[in-house]
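What follows is a pair of complexes built around subunit A, which joins subunit B in one and subunit C in the other.
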Partner chain A sequence: MDAGAVGTLIKKDLILLFRNKALGIMPHVFLVLLIVIYFIMPGTVNEKLKLALYGTNIPQILIDEMAESGVELVITNSEEELNRGVEDGDFIMGMTIPDDLLQRISTGERPEVKAVFGPSVLPAMKKAELTFTEQIIFLLQGEPLNIRVEEKILGPDMTGRQIPTRDRLIPIFALFIILMEIMGVAILIVEEHERGTLSALLVTSMSMGSLLTAKAITGIGLAFLQAVFVLTATGILIANPLILLTGLFLGSMLVAGLGFLVATLGRDIMTVIAWSIVVLLTLFMPAFNILLPGVMSDWVKIIPSYYLTDLMHRAVHFDAGWAEIWKNCVLLLTIDLCLMAVGSFALRRRLA
Partner chain B sequence: MPAKTISVKDLEYRYGATHAVQGISFEVAKGEILGFLGPNGAGKTTTVKVLTGLLPPFKGEVMIFGKDIARNTKKIQARIGVSFEKTNLYEQMTAEENLKFFARLFGIRHVDSFHLLERVELTGKENDRVETYSKGMKQRLMMARTLVNTPDILFLDEPTEGLDPVSADTIRRIILEERERGATVFLTTHDMHEADKLSDRVAFIHQGKIAAIDTPHSLKQAYGERAVNVEILQDDGTLRKEKLILGQKSSAEELKHMMEKENVVTMHSAEATLEDIFIQITGRGLA
Partner chain C sequence: MSVSRILSILRKDLVHSPKSFHFIQAVFTPLVCTLMVYLLFGSVLSGKPSVGLVYEGETEISELIRKTDFLRLFEYESLDTLKTAVLSGKLDVGIAIPAGFDQDIRKEKPAQLRSYIWGQSLMKDRAVIFAGLFDVFVELAGKEVRVDVKTITLGNGEIKPLGERFLPLLVLLAIMMSGLLIPASTLVDEKQRQTLTALTVTPASFEEVVAAKSLLGFIMSFVMGALTLILNNSFGSKPGLLFLTLAMAAIFASAFGALAGVMLKSLIGLTNFGKSLILIIYGPGILSLFPKIPQWIAKLFPTYYIFNPVLEVTQNNAGITDIGIDLIILTILIIAMTTIVFLVGRQKKPQII
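Up next, the complex of A and B:
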């Protein structure tokens, strides 16, 4: 390995990168855009359920009591206003209570209470919301259900500190930035091959090993620095700096092996982009687990990027320490090294 | 006998089922220019790739500077310069940056890029990006890049292909200057005229085999016709062409008679060109 040649090639790649208007400027615009998106999005989560209620004689005590249990009751002036509010998504449901509700209950009749839901209500939510209706009626009657519910939260209690969507996006942003560099590494190699400069490099004193090392360092470095930049600019890095930097570095190392494999498969820039999209989409799947918890089953664990997203999610949102994430680090490092070995072997055969 | 800089014995190379090079053997002496001639697909570029260490593994023996190229690739590559047929420069870098970059890859920290660019007549353009250069300028810059490590062997693949006469002349001049310096030149071309002008010896490669290897003069003697083509202006103003075969008893008399009695306008020896000889040996042309 010739360190001087490796450094020279890295310097050359960076010079060419910044002279290329598309490849040099676009990623920076993209990084700034991610940061802007982060700050535009709300930084808090509204943990209250908002229900609309229409009817006369709704006692204030009912509104206060429901508010204590995290349900905001909004009294509308008309049934039309209620329906419109539900349809527009301002309320998760609406209820129209007849004026003579209590009177008719007392005479043994079955008065009708209208419940309306938005178009995208899930069946389970509909059922839960109907339970609210029953609870409200009981409260109106002055007869709360005579049961005692013991509440227990398994795992970390996130009551009052739910993760805002923008913070859920941060590990996804970092993953996206890192994964984009897979394409970057593959393009760096295939471009040399396409332009014929690869042969010019390989007839100098530079070895194939030095060449691949230079490309890997460039890709890993760019991925790592860009991800660190976004996490620093959004103020996320200070939450758990050492663990996050370790995670980002190990995640960035994925870029080398996968970039080599994509370069092996790609014949030109277009095929590299096509293969990169396939790889990016696959590696992006574990990120959905952060955005929509529970949508993915255990099979996502076979995707290498799972260990990065999981590490970052836990470090950023649950203050995870080394004891909780060391296994992720070891697995990521092992995967990184295996992919580098396989990618390097395949690429050497392809370029020979 | 000068030292052999390149020694190739029974070299074979296959691309899958294609037998690109089929057991060729030759030697090139120090300071010699060998023209490696053949049509497209004859095996020229494959041979150059093997000789420059770009195509291992292969069958046979290739010794450069007395060392096996397969085992000493990087040591040998440090002492050679290669100019490729296809332009392969970093177009978004300047000429000077290109030269300095490749010099650094050879471990040379301070390269006299101005002198190199002066040799290829590119001074004043050193800070222009290569993408603004014409084809001839790029080819001359490729030649300058080939020289950054002051190589002992130059492998030049079609160095003047498609160039304007000025650029082609510059490159030919540099080839001869390098030979004067003591460098060996392995010149791959299908331009027979160029090979004839530059090469000390030429090798004809056809279908992966060397069909003939010798000096251009010897080849012409061996395969050419010993004759003189004469054009004579007749009384009615028309030209009459005659071929005088040399080496016969009557040749001298006939020539004397022609010069004294006839109005001779032109007289040319009818020696064969390298292209004629190539066709004669291989049964096909170079196109």
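Up next, the complex of A and C:
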């Protein structure tokens, strides 16, 4: 393989890419927008429900018990203060309980309790929040249920350190950037084929191996650098730099093999785009497991990108070390090499 | 400019364009997105916590939970499958109910159950589930909360569920995809195949070709916008005003598509152009999904003046006085966009043909 020729071809592809405003500049605008979106989104997770209460005295033990289960009861000084707080969104709901509640209940009366909601509460959630009112009143009535609930937490307990949505999106952003380059590599090859410059290149001393190597390096390099850029700009890379860089590099290597395969399937640029979308959508599925855990079942593990998203998710959000993610690295590398071998074989046959 | 020549070119494009990738993409993307939103927001993204049950013998608990309407219930055959579902995040909480649990509660005997909580579930979701279960147990025990609860909602109106909040974004997607991609891709395709030059040696002028492509974009954009509303059964109480908004939006989108078609040289460039503008085009819709972000930011996006009138008419029954300013700004944007298309077209014409 001629390293000089490979270098020249990479340089040519990059020059052509950055000369083209649409291909060279627009994707970078997209990267910047992803970063802006990240910083606009909330960086914390509101885990608790805050309820305002006015009226009868609530025993401190009940307030503490509710707080332990994630419901913070705040006693207000007046009904107006309660209404204002609910309307401003400081509380998800307010409860106005008469001072003489228990006295009236004991005489057989059914006193009225007001449950006040803000305008932003969904109807289904209103019903859910009403159950808190009923739970509190029932406990105040002093008729405890004789039920013992044994609790067991499965998986790491993230109470108090939940992952904000914007951080869940980071592995997805990185995956998206990498996957988009599959289309880039395939287009680089098919474009040369369509324009006839591929035949022109191959009649020089350049071998098919050198040509494919150059395209692969361009695609892998672009995917890797863009993903690293987003992770650096958002400050995520600091979390676990070596593992994340390894993961991103192995993930970027998917670009080469899959790019070759897509280029084999596509007759022209438009069919390449069409096939790329099919491949992108398939490879994007594991990302849903991060954003919406539990949506996908175990079959998602047959999709190669699962090992990249899983690696990144665990490295970024659960401080996973090499001991936890080495299997992902080995599997990704194996898949990368297999796809590259199959892809270059298929492409050589197609272009021969 | 001849109307009959524009219609002839339009007829040709109507016959040939549906085979092109961008045409298929423009038509199918909004339909697939509508389906996905329907499927996802009906379940996973409904905002309702999920609870799983596994029980020995008979229990009324599952039936009572189903009635609550604010929990998503899943039932399992074995404890292992329940635990796997909790670990995967499908369930926030899994409950194992022993045999005779219902009878024990009814007879006020001590009862016990095990709960398995997913470590990543939010405390508020856990609280809602346990409050819901508490309610169920109170009912099962034949007891009652001896008060009357009066519900008061402050402020104007109620917030819509997330699935409904996606509707204006879907409409925007349908309008912009067809309006932008169809005129742009048909123009660029003609340029790439050099049939544009061939077309302009006929009596048809370059301006007529651009007008025909824009007209196709307008028709498809309007039809796709209306189709999305039909699929979501969301014409609101003022369909006339909604159609006017859709028509104006389709004109803006197709003018933008014509501009892209005139400026861009290749279909791949168009693909990248579309990709790069995703966030700018759909920004107002995305921002509206996050009410905590200051909503004035959305007004900086030109597509806000399409998104907001659709939102107001379909979901808040707004009238012309409510969305009048938005429509005036949209009209200004249409005039500006058409002028830019005209000026850029005149400048690029010698290079194109």
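Just so we're on the same page, the second predicted complex is superposed on the first by the 258 of 352 C-alpha atoms of A that agree within 3 Å, B and C clash if a C-alpha of one lies under 4 Å from a C-alpha of the other, contacts with A are read in each partner's own complex, and residues count from 1 in each chain.
Everything that follows uses one rule, which is that a contact is a pair of C-beta atoms (placed from the backbone, for glycine too) under 8 Å apart; a residue touches a chain by one contact, two chains touch by 3 or more.
Everything numeric in this text was worked out from a predicted model, so none of it was measured.
Colleague: Taking the superposition on A as described, I'd like to know which of subunit B and subunit C A:Leu280 touches: first, second, both or neither.
Modeller: After superposition on chain A, A:Leu280 lies in contact with neither partner.
Colleague: Counting residues of subunit A in contact, which comes out ahead: subunit B or subunit C?
Modeller: Comparing subunit B with subunit C, the partner touching more subunit A residues is C.
Colleague: On the A-aligned overlay, A:Arg148 touches which partner chain: subunit B = first, subunit C = second, or both, or neither?
Modeller: Second partner only, subunit C.
Colleague: Who does A:Val29 touch here: subunit B (first), subunit C (second), both, or neither?
Modeller: The second partner, subunit C, only.
Colleague: Report for A:Ala216: first if it touches subunit B alone, second if subunit C alone, otherwise both or neither.
Modeller: Neither partner.
Colleague: After the superposition on A, what does A:Ala200 contact: first (subunit B), second (subunit C), both or neither?
Modeller: It touches subunit B, and subunit C stays clear.
Colleague: Scan A:Thr133 for contacts with subunit B and subunit C and give back first, second, both or neither.
Modeller: So A:Thr133 only meets subunit C here.
Colleague: Which parts of subunit A are in contact with subunit B and also with subunit C?
Modeller: Shared contact residues on subunit A: 20.
Colleague: Would you pull the subunit A residues touching subunit B in the complex into a rising list?
Modeller: Residues of subunit A touching subunit B: 2, 4-5, 8-9, 12, 15-16, 19-20, 195-197, 199-207, 352.
Colleague: So in the complex, the part of subunit A that touches subunit C is made up of which residues?
Modeller: For subunit A paired with subunit C, touching residues are 20-23, 26-27, 29-30, 33-34, 37, 40-42, 45-49, 69-71, 83, 86-87, 101, 105, 110-128, 130-135, 137-138, 141, 143, 145-159, 162-163, 180, 187, 191, 269-271, 273-274, 277, 292-295, 297.
Colleague: Which bits of subunit B are touching subunit A when the two form their complex?
Modeller: Those in contact with subunit A are residues 52-56, 74, 77-78, 80, 82, 84, 86-93, 97, 101-102, 104-107, 145, 149.
Colleague: Per the contact definition, I'd like the list of subunit C residues that touch subunit A in the complex.
Modeller: It comes out as residues 20-22, 25, 40, 44-48, 50, 68-71, 83, 85-91, 105, 108-120, 122-124, 126-128, 130-132, 134-135, 137-138, 141, 143, 145-159, 161, 264, 266-273, 275-280, 286, 290-293, 297.
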